[in-house]
């Protein structure tokens, strides 16, 4: 499903990710663990092909990064749900439209969209906020919306980048539970975090990064 | 220094903060603790007068929110350092200029500015990143820059909103240490967080909020 | 089904960024109004001067003793001469009346007889109005004995010709400039409008929208924008014409309402200008974010 | 010291957002070029038509037997008549030469004698050029016996008068419209430029910048913008004039380079338009974020 082969990524600043090799299967749950600046977000960006390696090859759904076409990138992303570290919510539309967006892009019928969105909003405790705008939500609440949007279209892969950064313990536990549930329903999950408690509490395969290099790749 | 008297804040969404009463002295360190959506950021906004109460009075440096003039707000803010939850870094200037901005606004001499910025960058491990742009930094690194900018002008009050959200344990410890040091040098600090570990590890007066109301106000 | 999204999004885009959208609409309106007013200005100016020139083309004075059959015969010949578009006959009486009207004195009571000759005023079609052609015509008139004199104000004629050409040239240059400029300004405005949607484009691209799905709503929005701009432009031009007429400043001989194809052209130009301008801006933005 | 910040920031602002800045510069340039070309167009057009009218004002034909003293005397009287700006004497010989030149036949060899009278061409100052005033002049000329006939093409005269007024009116309206429109477009462009700095303004406001510290660099930036726009505009207009001259299309009687005050005015208009436009946009933005 996701394969990194001898991947090197060099930024203009001189910072680089080196010799990344790993394979993630269809039904896996993988933590991407490392301190700030280790390269977690960079790896996620390569997975949804917003960033391409300078060397080596990233393969997603068996499509290689070196020969992927622009159109295919759109298709790949439609099968990936993504919780961005900075949410990337659309400030000029309400929570409902934000969550509905992936479904609208897929061309679902309005009433189908409505029932799915409402169901998901209930699940994430956002039902009463559907008509509000992102700036009317606290950071933690925005993070919830971002997660709801990521999973609304039942993606094959779910990428989450520090999804609990702005959440209190209780909400964070709720969100990680929700992500585990998504995984249980058959979705491959890559979960970037710098909090060592998470892999400790809910153990799973953990790829540990330190300044751009993988130092451990096993269950913690 | 900071005084809230019978403060009520009502948002259009129906959400509100009710009957806030507290006083923070010149040399205090106060945690603002509460789950996501409790109202921490809203209180900080009222302190730097970006938001005004619907009822009651907020007084900062003995200037009341009900009769403050536009000019005075600018002066008040010049004496407050602020780490925003979403950083609010300027994307089109490099880290150096971002950190230097408050000094430039005060009209310091260029070489004075340079020495101060470099010293602070050293302190926060940002020395090698001064010529980079915010988008070239990881979220955690951006959070560090935001903090460096907040304290560069030795403010009388330091407001920090979830300053460790995107930091790993080690960096987070470094940052909280740095904030404590700022406090020790005589600055009043208000520290908003949803992490109960923080007040537990470094005890201080803690104002606990739940859905817009203060439930506890004492050292935890 | 995706058509639903495109239409929804295109219309919603307008609602969500009313200010930049209306800015762009006005920009298009202004572009089209400037072009339209320019064209009408030149058209009307030329027509005026052309009319003036036509009046002064050529006057043929008959011998005082020419019989009405002779005049009739000559009139037929002249009116069949190639390029002659109009011919007016002024009888001796007409001439005397004109004189009275102009100078306030009655010639007949003054002199007891009418010394003024009857005359034919000849107007040439625009394409034939060159002084060489008219001189050839004069040459061929020499054979008629019934003609006493011919008045062709060659000097004035040429002068008007020069004015017309000058106005043509300058006005054409000015209009060309204005079109260039307004198209540029409008394109700019559309680009800034799209720039303001940077976050939106960036976000839905990351959510897996194909280039087509990103562009299509904007294209639609551009089309609506152009249609509105064009409609406003036509209304404003008509309004200006009405205002000029109402204040009796001048009675325009050429009006936009008489030319449905001009109205249609204005609309189509507005629509394509906007839709393509928006498309180009989005394409550039996509190259940038990719 | 804060002056340093304002200047730095004003210049840096340009560097940081080159595209919107250059957009705005071009927008100002275009505004000023349109205004300038419009003014020159009208000025030149009116001068042309005025010249034409001046030539056709009035021609006074002398009796064939008028002595040169009599003519001299009359000439003095006429040239002292209020409003007469020019008077040209055409001797019998001049008239014959003109005839030959125009019709290619030598009158003297044809007839043996010169039937053409000598004449005086009288031109009135622009302010006196009304047909009522000229008719009064004609009346007072009646007393001179040496005058045989007076040619005043009242009809043509009035017609040219109308054309001039029409062009004046339409052109003034058009130029006014163009100025309005370009000022509006430019203000818009500046607003969008400021809109693009939303994050910056929001951020430094939160860092404690006073309104003055926020506005001042933008004001400076606006001034620079306007100065550049004005300079480009003057260069373009001069270029256009040169081009017209080079291609021999027409020789403009009125040129911008002859009027340093117009150049200065253009620059000042550009600078104040931009600086105030930017200031207004920032002020609006501040009201919005506050």
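Here are some notes:
Letters are used for the chains, namely A, B, C and D, taken in the order the chains are written, and counting of residues starts over at 1 for each.
We adopt the following convention: contacts are C-beta pairs under 8 Å (C-beta built on N, C-alpha and C of every residue); 3 or more make two chains touch, one makes a residue touch a chain.
Source: prediction; values computed, not measured.
The chains that touch both chain C and chain D are none; no such chain exists. Of all chains, the one whose Cα centroid sits at the greatest distance from that of chain B is C.
For this pair, chain A with chain B, the centres built from the Cα atoms lie 29 Å apart.
One finds 65 Å separating the Cα centroids of chain B and chain C. Each chain gets one centre point, the mean of its Cα atoms, and the points for chain A and chain C are 61 Å apart. Annotation for chain C: no residues touch two or more other chains. The set of chain A residues that touch two or more partner chains is empty. Interchain contacts close the chains into one ring where each touches exactly two others, per the touch definition above.
All chain pairs that count as touching, in label order, are A-B, A-C, B-D, C-D. Here chain A touches chain C in the complex through residues 48, 50, 70-71, 74-80, 82, 84, 88-93, 101-102, 104-105, 107-110, 149, going by the rule given at the top.
Across the complex, chain B is touched by residues 1-2, 4-5, 8-9, 12, 16-17, 199-200, 202-211, 213, 290 of chain D. Taken in their complex, chain D has these residues touching chain C: 20, 23, 26-27, 30, 33-34, 37-38, 41, 44-45, 48-49, 52, 56, 102, 154-156, 159, 163, 166-167, 169-171, 173-174, 177-178, 181, 184-185, 188-189, 191-192, 195-196, 240, 244, 249-250. On the chain A side of its complex with chain B, the touching residues are 11-13, 34-38, 41, 85-86, 129, 132, 136-141, 143, 162, 165-171, 194-196.
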